[in-house]
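One structure is given below, represented as structure tokens, and several questions about it will come after.
Going by the order they are written in, the chains are A, B, C, D, E and F; count residues from 1 in each one.
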Amino acid sequence: MKLVTAIIKPFKLDEVRDALTAVGVHGLTVTEVKGYGRQKGHTEIYRGAEYAVSFLPKLKIEVAVSAKLVDKVIDTITTTAKTGQIGDGKIFVTPIEQAVRIRTGETDEDAL
Amino acid sequence: MNLSKFARLAAPVALLGLMAIEPSLAQDAAAPAAEAAAPTPNKGDTTWMLLSTILVFMMIAPGIGLFYGGLVRSKNMLSVLMQTFTIACVLMVLWVVYGYSFALNAGTVADWFVGGTSRLFLAGITPDSTAATFTDGVVIPEYVFVAFQMTFFALTPTLIVGGFAERIKFSAAVLFAVLWATIVYIPVAHMVWYSEGYLFALGALDFAGGTVVHINAGIAALVGALVLGPRIGYGREVLAPHSLVMTYIGAALLWAGWFGFNAGSNLEANGGAALALINTLVATAAAAIGWLAIESIAKGKASMLGAVSGAIAGLVAVTPAAGLVGPIGAIVLGGLAGVVCFFFCTTIKNALGYDDSLDVFGIHGVAGILGSIGTGIFAAAELGGVGLADGMTIGGQVYIQTVGVVITIVYGGIASFIIYKIVDLIVGLRVSAETEREGLDVNSHGERAYSI
Amino acid sequence: MNLSKFARLAAPVALLGLMAIEPSLAQDAAAPAAEAAAPTPNKGDTTWMLLSTILVFMMIAPGIGLFYGGLVRSKNMLSVLMQTFTIACVLMVLWVVYGYSFALNAGTVADWFVGGTSRLFLAGITPDSTAATFTDGVVIPEYVFVAFQMTFFALTPTLIVGGFAERIKFSAAVLFAVLWATIVYIPVAHMVWYSEGYLFALGALDFAGGTVVHINAGIAALVGALVLGPRIGYGREVLAPHSLVMTYIGAALLWAGWFGFNAGSNLEANGGAALALINTLVATAAAAIGWLAIESIAKGKASMLGAVSGAIAGLVAVTPAAGLVGPIGAIVLGGLAGVVCFFFCTTIKNALGYDDSLDVFGIHGVAGILGSIGTGIFAAAELGGVGLADGMTIGGQVYIQTVGVVITIVYGGIASFIIYKIVDLIVGLRVSAETEREGLDVNSHGERAYSI
Amino acid sequence: MNLSKFARLAAPVALLGLMAIEPSLAQDAAAPAAEAAAPTPNKGDTTWMLLSTILVFMMIAPGIGLFYGGLVRSKNMLSVLMQTFTIACVLMVLWVVYGYSFALNAGTVADWFVGGTSRLFLAGITPDSTAATFTDGVVIPEYVFVAFQMTFFALTPTLIVGGFAERIKFSAAVLFAVLWATIVYIPVAHMVWYSEGYLFALGALDFAGGTVVHINAGIAALVGALVLGPRIGYGREVLAPHSLVMTYIGAALLWAGWFGFNAGSNLEANGGAALALINTLVATAAAAIGWLAIESIAKGKASMLGAVSGAIAGLVAVTPAAGLVGPIGAIVLGGLAGVVCFFFCTTIKNALGYDDSLDVFGIHGVAGILGSIGTGIFAAAELGGVGLADGMTIGGQVYIQTVGVVITIVYGGIASFIIYKIVDLIVGLRVSAETEREGLDVNSHGERAYSI
Amino acid sequence: MKLVTAIIKPFKLDEVRDALTAVGVHGLTVTEVKGYGRQKGHTEIYRGAEYAVSFLPKLKIEVAVSAKLVDKVIDTITTTAKTGQIGDGKIFVTPIEQAVRIRTGETDEDAL
Amino acid sequence: MKLVTAIIKPFKLDEVRDALTAVGVHGLTVTEVKGYGRQKGHTEIYRGAEYAVSFLPKLKIEVAVSAKLVDKVIDTITTTAKTGQIGDGKIFVTPIEQAVRIRTGETDEDAL
């Protein structure tokens, strides 16, 4: 099993979620994060004080999937989350050694 | 107080007295002319109008700012506060410069349509100047009359912001408001409230501004929504209100301020103001109940946003009627407004597909029309109102009311359309798609609403 | 103003004049009868009562909504705003329909207990109708009197919401409020404030509603907390306030509105209203200080929630006393209320173990009792008050005050219990455990307070 | 109203009448002396002063609390609400105990500097006591005068909180405020507003408290910022406002309350109050526009915080001028204040490098000075004002105004410095670095503002 | 060392934390997340606009533990976080290659 | 490639970000989290109700880097995030098997 973690632009969430569901993903977990990267931020000014804000709002999507689904999932995310503009985000794949569904105690692929 | 007269003359007559004011010179202040015989203001009335002005001010800020601001996404919160606040500030100054003179004073060219230059820069007004009220011989200081009417002038264009919120350029919003207030508000106010104005002379009843303020703003917002087009993602993405708590606070303060708006339009602290006050309580309450009842039936749940939306609909509907109908008439009118506006905002608007972001037309426009027509009905003595003019039938009054509504819609609609086009030429109406995505706060104002 | 008379008659006398109102017919409005000799309202008084009504309105919304709303978890925020807002709207309409008639007008069956049907639908009231005040020959427009009292009727049941917040069904909250306002508020108000009412006749002093509003609401909330049982997780999970900022805003606006509640109960704009105003400033300030002082000693830190809780306790305690005690007496009474309510909310309540979610009994009930008894003491001229009735001793007055408190507690407690049981039978009192976990906002109203 | 007299006497004269009050004993209330010939208050005036008091109260809470609170980081939100609220509560009680007596009553030792003991504990005041106004023979109940002035006394020290916010100990803030109000506010108020006070006698004009309230608070905040040193991370870390929405609400309510502050200082509900009201509208609007215009040019964007900062600058600037200048003069004064304060807060302050956290000096101090001097100019009849004293030139008046400003700055500056040092010795001024990092809310008050 | 990541229902946090402390876990990190899965969401309506909300509030708990503690930790979470209702959540185990305690520079198991 | 995850004190963010940029890190993702550990929390009291708050605000920084940069990154974070006070936080290193840049489709080290 693999954990596919994608950092995407917030307004792409619904599209990505729908596309993933279509390829057989049954669940995922989303976190609001702030991203720093090549995409430039903006400046905020409060009376005299100027602050360069380089962290931008992003969403992190985590999907645990069986190894054989990984490529399809990466593909799906890449396609739907892409705007072509800088700051579209990244996908990272890490290994999962065990998985458990708390409600039933089912393990590994059955748990996803 | 002679009620039949009250009903016949309605709000406009308050302005009759203005022309009688001696042109005392400000410079001449130390010698306030020989106006010994002139009536002096009753201090209770003066206090009442000071209070009413402050109350309407609270509708502008924080009232409408929070009501509207809570309904947009957090990335656009400040843009709404900023647009409403800045528009109001600019218009307050312009009211002193030329607004008051052209709106509520005698005109030389076409007095049925617009006033003249006699009061530019408030020329000739001193602390001793007075303005007439509904009652013969009862006056209030002219400065407080100017200030009270200033808040109406400043408030009305801020209502329109709801129609194009979350996508307009800041400069475009302010420029539009200035042009609209000048070209639309001023003549409509003159026609409705000034003694020589076309609609006033016709006998149209508008106690506190149903046509001038609400229908007028509603139609301008609708035109704006159509001209600017929908927000990105409208109908597909979640565009949920970012803080219904702010909307609640705003609605509550709008209601509180509306007592000044409606009962203050009586210009005097007497039983008529008390009637307008109680009507502004019960019509609003009935409208909230009306919306909630129909919403429970149609959607299965009564929502907080429904309750306050209904309340605003009720406030709008009772605005032209406040001092003219009885409490039971107000309850019926309010209840109706709640139901009709629910139906409009949830069904008709969706069917038509335009994006009036915060339902300015669906609430101010629709309830304004309902209230204006309803005033012609419930003002009748048989229905518990203070009575129509001598010899006037309900049918006749409703016809006159309808004329007022139609003129406001047609004139306001066409003029607004042209003004939007002009503004688009000068500064451009809409922000770029990227700015709209990121939010107006950071892009147009360089700040964020919350950093919690 | 004759102070000894003022003290003897207290608030209730204000209503004496109501019976003297000519039954002028609304239909007859154009010919306002030959009431030439009748006193006409002073416009300063009229303005004061219009203002006071608006101020009490602000206690209802946004005052109590925000004060309570900030104290619950964010998932239940809208439910609190919604319950308080809807209850108030429904009761405003019912006040016009039957509330005013039964509460503050003459009864035919048992006038010592409840009024009658003469003013159903506000029959016979016109803008010229007047209501009496404390002072002979001084009247105010009856419409503003009806509106002022309407806000009390609408506010009181919203206070009870704090007792069963975060777990009650929306329909149950509204139904309970309607039944309670009808069966409990109306007779208690009649007994305390109406000239023929049992407690009024007995000589009980209640300037602005310590028994009718606060003890009454406090006991109903306590019974509600007991009948519904504690919230899931009470005593184990963190049930911390979701926004003390909202609670602060609510508390500040409650204080501001309370000036209308207390000083407005004077019904006239004179030195008596000014006394009630200053007492409402200093008693509240002293109560906040009292709570903070004891809290610093007992817990090592002074908290913002403590400051505003103390302030509300002070406002409640000074309510029955506002126009009857001197400023120093008000400071003592307020300071005491802060200390006693702190002790009650932090120690006694925990020892007893019931879950009065927002301490309605611990603050409104306890400070209400303290204030009602304390009024009997500090109203005495020797202690700086305006003086008791001729021949009345402090002991005698305290006895009468205690009778009023006990009657309110016993009648209100038993009646509330029965009403809760009836509501439980009809619609069920409590939401399901799952709904309670997820929050009432999403489940009962289909919306969320914040999407930031 | 005789305007030239009005201009000459300004606010201070209102207090002249106080000395004439019969020392009627509170105990003697049942027999209210033979004051038949004494003037009785007009109820319109009384209502106006009740209202004005309530409005200034709203500046204290929630006004200044939210305005300041929104500007700090969320971890310090409650500390700001708590400091402003508690300070105000303590001072309200102290005003009754000794403040009123020493500030606004006759002194025996050095009457040019401070009052005396005659009104300690409000001795001798009853609901029938009256205080004089600007107009001969016009009086208001003394209790409402005491309450109105109480709100000024309670408000002023809360303004200073902005200078040392986010790093001061709670005990230090309260102790400083008590000492400062006693040692600085009381004598300055006596000198400026009391008929025998040094600056009053000199002919200094200060309609509603430009020197007493704003310059005074501004300089105390500046000294505080210097004595306490900057916040940890100042100039390096992001110290952005946590909620500009709260700042907006606070600013709007400050504006609303300021109508009571400025127009209420007229003490009478007449054309003079109406003039102060309209000036408080347009000067503020012009100042917001001024700040936004210069900000757009200098920074490329107009910000919401800029709009409300400008508005507050305008309110401060028009405070000493409110009833003395004409609307056009008010617009000029306000516009200037917006521009100058922008320049000061963004450029000069950064150049000097001190950390006046919320720009109390940059706004209240700077606009206060501008307004005080400007009053000497625009009050002249030639410039549309109500006119200077007979024979007074603009140059002469500006000189007197400058003397008032300098005395306030020098006396207030030195006294504040000494008081900070004393407070530092007694309880210590600043929290530990760790507490400052974690936030004052959790550490000083044991609670968090938001748990959403 | 392993990183045990659990997605649980928010109100279970204190219980889980206490149980983990009892089995020898000294620290953990919690993130507010939104979960999409079999558990159905709700509908929100704002005037005319209806939105189906399928993301539900969940908490993500991350615990770094020595390999030998993993089973006990999984067990403990499964037991305490379970309500038996759909939506109880998941546990994922991933490998940790290095760990450092910032304050002391201690590494690996000493760092936990 | 490795994912370096650091839990740090919130006010250290800017310093850490600057230091990482200096050693050649081009992007990172930050999450607001709550930490439980040896650092003690505080007590909150709301009227009568006392709550011991043991979760403290922390930030989680995630940086995906090529294997050879890992030590330098750990070093940099350890140095800059350290205050020497309890609660400074932890660093965990986990393996990344694949990385993708959504905008371009670049993979692995090119994607970082």
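To be clear about the criterion, a contact is a pair of C-beta atoms (placed from the backbone, for glycine too) under 8 Å apart; a residue touches a chain by one contact, two chains touch by 3 or more.
Predicted, not measured: the structure shown is a model, and the values here were computed from it.
Chains touching both chain B and chain C: D, E.
A count of C-beta contacts for the chain pairs A-B and B-D puts B-D on top. At the chain A-chain F interface, residue numbers used by both copies make up under half of all numbers present, so the two copies contact each other through mostly different positions. Chain A and chain D have centres, each the mean of its CA atoms, that are 53 Å apart.
Note on chain placement: the centre of chain E and the centre of chain F lie 17 Å apart, centres being C-alpha means.
Across the assembly, chain A contributes 31, 44-46, 94-95 as residues in contact with two or more other chains. The set of chain C residues that touch two or more partner chains comprises 42-45, 47, 51, 238, 240-241, 249, 299, 301, 303, 305, 446-448, 450, 452.
Taken pair by pair, the chains that touch are A-B, A-D, A-E, A-F, B-C, B-D, B-E, C-D, C-E, C-F, D-F, E-F.
Chain contact summary for the complex, chain E toward chain F: residues 3, 17, 26-31, 64, 94-103, 105, 111-112.
Those residues of chain F that touch chain E in the shared complex are 2, 6-8, 31-38, 54-55, 58, 60, 70, 74, 77-78, 81-95. By the touch rule above, chain E contacts chain C in their complex via residues 11, 14, 42-46, 53. Residues of chain C touching chain E in their complex: 233, 237-238, 437-438, 442-443, 446-448.
Remark: chain F residues 44-49, 51 touch chain C in the complex.
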